[in-house]
Each structure stands twice: as structure tokens, then as C-alpha cells.
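You will see two complexes here that share chain A, one where it goes with chain B and one where it goes with chain C.
Coming up: the complex of A and B.
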């Protein structure tokens, strides 16, 4: 399966999914004009990936800010990861936030609670 | 369209339930299964709404904090800019003051030379070497030095400000 990559912009996050290593990275700012257009290919890739994914999958999420509709899509990404966990894969979400960004840290904790996935919430040093 | 697509799955579930309602007959087990499905979807929707609202409010708060920090930085920047402009004005005034002083000094020296070389002999001839007229003339020149310096100073300051304004307009146009 091919890797999935979208370069980040001022409005959209960088997406770098490596099919062979199982490292799925989402980073930057997510305020796309059309969230469906941006995230739908991401979800489609994840749907196909669940059948061929390696045993260990690590999702590295490092977001600075995202809008309400992106928050729903992040939830959708986590749901797909939860599906992989339920299929017997080893899934870990690494949630990164800036050291002084309390809001993003708490947001990671909320996603951890609602998704039921193993989370590692990590403060990034400046 | 985009917002509808975000809820694609939820809309599909709703459509399925609507189609089920259009049927003429239902068995008890079918009703139970459909109701179970609707309850599950409803529960999932409530969970989503709760989490999305919570996160959205929190990120709005983050945005407000960032805006407040930006406003505070803008106020500080405006204050620093004002101080900088004041300093530039003071420096310009001091520089022009020195220039005006030099111009007036050269002008006074020139007047003194003209007075000694050309006007004094005329006075001597016309007024039979009247001491008081010569002294009065020199006193007049001396009295005019200060207002002359002020005039030159103000004129040069006006010119300097006009030049600064023109430069600022050019920068804005760029």
C-alpha cells in the first residue's frame, strides 16, 4: 500500500502516513475551508489501511489549533484507530502539545477518554 | 454541502430509519432491532456533541487568550512607536537647531564684514563719523540674530517634516 502524504499549509495540517512503519503523523494547524474535501481522503486511506496495517501502529498528533469541524474528523480518525485496536493491533496515540498550551493538553485528555485508545500525552519543549 | 458531508454517516443512518418507518408491517423483533440501532446512534451522537462542544469551547478560549495577548502586544508596540517618533523628532530638532545656528553665525559674520567694509565708510561720510549711528547699526544686527535663528530653525523643521511625510507616503505606497 502507498504512503499517504499532504504537505502542511497555514490552514491545513501536514499528514504523513507511512504504510510500512505504521507511523501516522498529523501536525500543524487545521482550519480548512472545506474540511470534508481535506479529511475524506485521509479517512478513506485509513479504511483501506486497516486490512494491511502492521502489528504496531503509532499515531503522532501534534496540532497547534483546529476548528470545530476538524475536531469531528480527528474523532473519526481515532475511531478508525480504535477499530484497528479491536482487530488485535497494537495502537498508541502520541498527543503532542506546546509546554504552555494547557488547552491542547486537556483536549488530548478528552480525546483519550472518549476514544478509549492508549494515549501518551507529551509536552514539547520550546 | 461541506457541512452536510461531515455528517455523511449520521445522515445515512437517519435515512435508513426513515425508510424503515415507511414499511407497512413490522415484526416485534424487527422493531426491537431498529429501536436498538437508533438508541445506539443517538448515544454516539450525544457523545460526539459533548466532546466536540467541549473541545470547541476550549479552543475558542485559546483563541481569545491569543487575541488578548496580541492586543496587549499592539498597545506596547504603539507606545514604543510613539516613544521612537518622539526621540526621532528630538534628534531632528537638535540636528536642525545646530544647522540653523551655523547658518545664522555665518550670516552674522557676513553682515559684520559688510557693515565694517561698506556701510561704516558710508556712515562716516554721511553722518561725519557719528559713533551712535554705527553702534546702533551693529546693535540692530545683534538683536536680529536670535529671531533670525528661530525663523531659520522653524523653516528647516517644516521642510524636514515635509520630507519625512513624503518618505512615509512612499513606503506606504510600496
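Coming up: the complex of A and C.
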């Protein structure tokens, strides 16, 4: 299966999903108006990935800003990962936030709670 | 008012940026870029600047998804306004847009509900709405108001002004405390 890569822009995050290593990175910002257009291919890739993914999957999420219409899609990404966890894979979410950004830390906790996935919430120093 | 008076007026009211016009995707991108540049230049803590930008993003998203068009003859234009200004204690993010009169009541209920909740209750409510698996066709996912209330840590201030039998003007003012640490 091919890797999935999208460069980040001022509105949309960088996506770097490595099929063979199971490292799935989302970073930057996600503030587009049309979130469906952006996230639908991401979700479709994950749907196909679940059949071929390696035993260990690590999602590295490092977002500076995202709007609330992106927040549902981020949860959709996590739900795909939860499906893989339920299939017996080992899944870890590494949630990064900038040290002074308490909200982004809390948001990580919210996602941990709602998704039921193991999270590692990590402060990034500037 | 002559131009100098207008200029003084904007200075005295500490207007960082004021925008009125058609709302589309390109405009939103540009306004946010200008806002971000302007915020980089203000002397507030990065956590405060971040909060302001977050609220701005959410406000622009609201305008994009919910602003109603004015109809003049055959022309439908989605005009709205956005303003960022400050006083000694707060930054204020003010938006204004048209809304259908029939939509006032549900919107008012939603904001009142958000305003009635404590910080912890808001967080709980946010998780509930996030988890209920409906992505609304307007994309806003109903989380916007909750998110703005959480980020600002303040009550949302709003007003409706009736324009005609079909439309009203909805304004929303979100405050961000300059001194708040979290």
C-alpha cells in the first residue's frame, strides 16, 4: 500500500502516513472551511489501511490550531484507529501541544476520553 | 465625520482590524492571515494571542457557514462584519451577520445553554457533542459556540436586531481576558 502524504498549508495540516512503519503523522493547523474535502481522502486511506497495517501503529498528532469542523474529522481518524485496536493491533496516540497551550493539552484529554484510545500527551518546548 | 475624525475614532476605540464585506473562502483566508500578522505584533502573551486567533478562526467559520444573504432584486450577497478591538482588560471579537428570523430561537437557546454552564460542565458538554456522531451539513458541528466559550472563558454576548419579516441581524461579541493565565 502507498504512503499517504499531503504538504501542510496555512489552512490545512501536513499529513504523513507511512504504510509500512505504521507511523501516522498529522501536524500544523487545520482551519479550512471545507473540512470534508480535505479529510475524506484521509479517512478513505485509513479505511483501506486497516487490512494491511502492521501490528504496531503510532499516530503522532501535533496541531497548533484547528477549527471545530475539523474536530469531528479528527475524531473520525481516531475512530478508525480504535477499529484497528479492536482488531488486535497495538495503537498509541502521541498528542503534542506547545508548552503554554493548555487548551490543546485539554483537547488531547478530551479526545483520549471520547476515543477510548491509549494517549501519550506530550508538551513540546519552544 | 471627516476622515481624520474617523481615523481618530478607530484609534481611540483601539480597533485592530475591522472588516465588512462579502464572506467567501478567499476572503476568510486573507482576513485570518492579516489578523495573524497583526497579532504577532501585539505585546500580549502568546497564550492570549493564540486564544484570540482561535476565536477568530471559529467566528470566521460561523460566518462562512451561517451568514444569510441579503437579497436586493436578483442579487444575493452574503455580507457580514468582523472586528477585533481591545480595552484595558479585554480583547473583543465582534461579528455580525444576517440570520433568518426562524433561526433566532434555536440559536438563542444554544447560546443561553452554553452561557449557563460552568467551565467543567462546558467541557463535559463539548465531549458529548463531539462524540455524538453527526457532522452537520453546514459543517459547524454545533461545537463552535461551546468552543468559543471554553477558549474565551467568558460568557458570549449577543444581540438580534430585526431587519424585516424574513431577516434579522445577529451580532456576537466574544471577550478574551488579557490577563487570564489559562
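Assume the second predicted complex is superposed on the first by the 126 of 126 C-alpha atoms of A that agree within 3 Å, B and C clash if a C-alpha of one lies under 4 Å from a C-alpha of the other, contacts with A are read in each partner's own complex, and residues count from 1 in each chain.
Assume a contact is a pair of C-beta atoms (placed from the backbone, for glycine too) under 8 Å apart; a residue touches a chain by one contact, two chains touch by 3 or more.
Just so you know, these numbers come straight off a predicted model, no measurement behind them.
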Clash-or-fit label for the pair chain B, chain C on chain A: clash
First, second, both or neither for A:100, with chain B first and chain C second: second
First, second, both or neither for A:114, with chain B first and chain C second: both
Which superposed partner A:65 touches (first chain B, second chain C, both, neither): both
Contacts of A:40 with chain B and chain C, given as first, second, both or neither: first
Partner chain(s) touched by A:50 [first = chain B, second = chain C, both, neither]: neither
Chain B versus chain C as contact partner of A:11, first or second or both or neither: second
Which of chain B and chain C A:31 touches, first, second, both or neither: second
Part of chain C, among the options 41-49, 59-67, 113-121 or 167-175, whose backbone runs into chain B after overlay: 41-49
Touching both chain B and chain C, residues of chain A: 34-36, 65, 67-69, 71-73, 75, 101, 103, 106, 110, 114
Sites on chain B touched by chain A in the complex: 2-3, 5-6, 8, 47-48, 51-52, 54-56, 58-59, 61-63
Chain C to chain A touching residues, read off their complex: 25, 28-29, 32-33, 45-47, 50-51, 53-54, 57-58, 61, 64-65, 123, 126-127, 130-131, 135, 139-141, 143-144, 147, 150-151, 182
Footprint of chain C on chain A - complex, ascending: 10-11, 31, 33-36, 65, 67-69, 71-73, 75, 100-103, 106, 110, 113-114
Chain A residues touching chain B - in the complex, by the definition given at the top: 34-37, 40, 65-69, 71-73, 75, 101, 103-104, 106-107, 110-111, 114
